[in-house]
Amino acid sequence: MEPLDEILHRQAITAVMHEYCRCADQNHNEEQAALFAPDGEADWGVPLKGREAIAAFLSEALSKYAATSHHVSNIEIDFVDDTHATATSYVIAWHRHHDTTLDDVTLFGRYDDEWVLLDEGWRFARRSLRFAGGIGRAFPNTLPRRASRG
Amino acid sequence: MEPLDEILHRQAITAVMHEYCRCADQNHNEEQAALFAPDGEADWGVPLKGREAIAAFLSEALSKYAATSHHVSNIEIDFVDDTHATATSYVIAWHRHHDTTLDDVTLFGRYDDEWVLLDEGWRFARRSLRFAGGIGRAFPNTLPRRASRG
Amino acid sequence: MEPLDEILHRQAITAVMHEYCRCADQNHNEEQAALFAPDGEADWGVPLKGREAIAAFLSEALSKYAATSHHVSNIEIDFVDDTHATATSYVIAWHRHHDTTLDDVTLFGRYDDEWVLLDEGWRFARRSLRFAGGIGRAFPNTLPRRASRG
């Protein structure tokens, strides 16, 4: 890939990452699911395949919240070939319940992605979310961390 | 716009977004206001027009705090033409009061901007801040969110 | 530097900033120290020089935590010449202790860097961390902030 083309593909993938967050925060479940390839896979704790299953899960998972805010950073993208890439990014995701007696939930996590370039643009072939941890709910650390040396 | 030029303009706008945060966090009110066009408009809850009004508001709004930290991400920029753009970005803004009996305030928000290219560089024609919510003070959700489906 | 080359160098520096966070969060102390030049300097409160001293400090400092998550944003890079740059970036760093009776620590800080291009790639000639403040432990504000005007 020419350097300029790679920069533009990098921007295009980053733009979809941001659209994913806006869709989550606006509770636009079908639009968010459409950012996955038709046979795309998601794993936010439960493995899912296909836009319909993903949209259904998002509708259920996000309906508990009156507001959410997904702040993505530390974006690293590696191109496998002209139409495939892998990516890692960090997210701080804040959630407020409809039930205001419940604590806000803030998670500190990492997305690991596989990307594919379709006619409609770059789409998630696979996205999984793991946690360093969080506040307001028990989030076990599901990210790799080398044990401290004594 | 040529692809390379667009990338450079995108970098230039992003740089001003970051300078805006540094100015806020260093309490440099006039420098922050100078990032707006002379007739630029700001709306952090109250509509303002012009650098003088904006600097006065910032001085008042930020003087309550001993420290702030504005972390911006999810930057999306769309060019209208060679000298105009719109942009959306996310912010986590942490605030510590001078009065240490008061709780820290952390807001999760989104900036919506209109940009204009002047001789001095890209400047805000308009910036508004809305909230998903926050911690330490009541922040009503002022961002659009589709109601959950039953 | 040609505009396209500068963009690629900017991406390369940003990539090392992200690798630094991943290394911290995975407790990979030697890999993190290797992102510094052999005679590189670090200052997270105590001045350090050289990869060995830096790795030893990181091993000690990060071993207290069961999990950490370093979210970097507001990246500003200025090139001094073809092989030197300065940079500023913001970080939200969340830490969970092994001792679960201790509060999580979240800091809001800023890195100020000097970079050098070696054969192995861009490396930190110097990185220092200062704080706007934090939650869960006393973080004095060590960043410049103009006093409010009365």
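We just call them A, B and C in the order they show up, numbering each chain from 1.
As a working rule, a contact is a pair of C-beta atoms (placed from the backbone, for glycine too) under 8 Å apart; a residue touches a chain by one contact, two chains touch by 3 or more.
Because the structure is predicted, anything quoted here is derived from the model rather than measured.
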Interface residue identity across copies chain B, chain C - same or different by half: different
Between chain A and its twin chain C, rotation from the CA superposition, multiple of 5 degrees: 120
Geometric centre distance via CA averages, chain C-chain B, whole Å: 25
Where chain C touches two or more other chains at once, by residue number: 4, 7, 71, 73, 92
Residues of chain A that touch chain C when the two form their complex: 3-4, 7, 10, 71, 73-76, 88, 90, 92, 108-110, 132-133, 135, 141, 143-149
Of chain A, residues touching chain B in the complex: 4, 7-8, 11, 15, 18-19, 21-22, 25-28, 59, 62-63, 66-73, 92, 94, 96, 98, 104
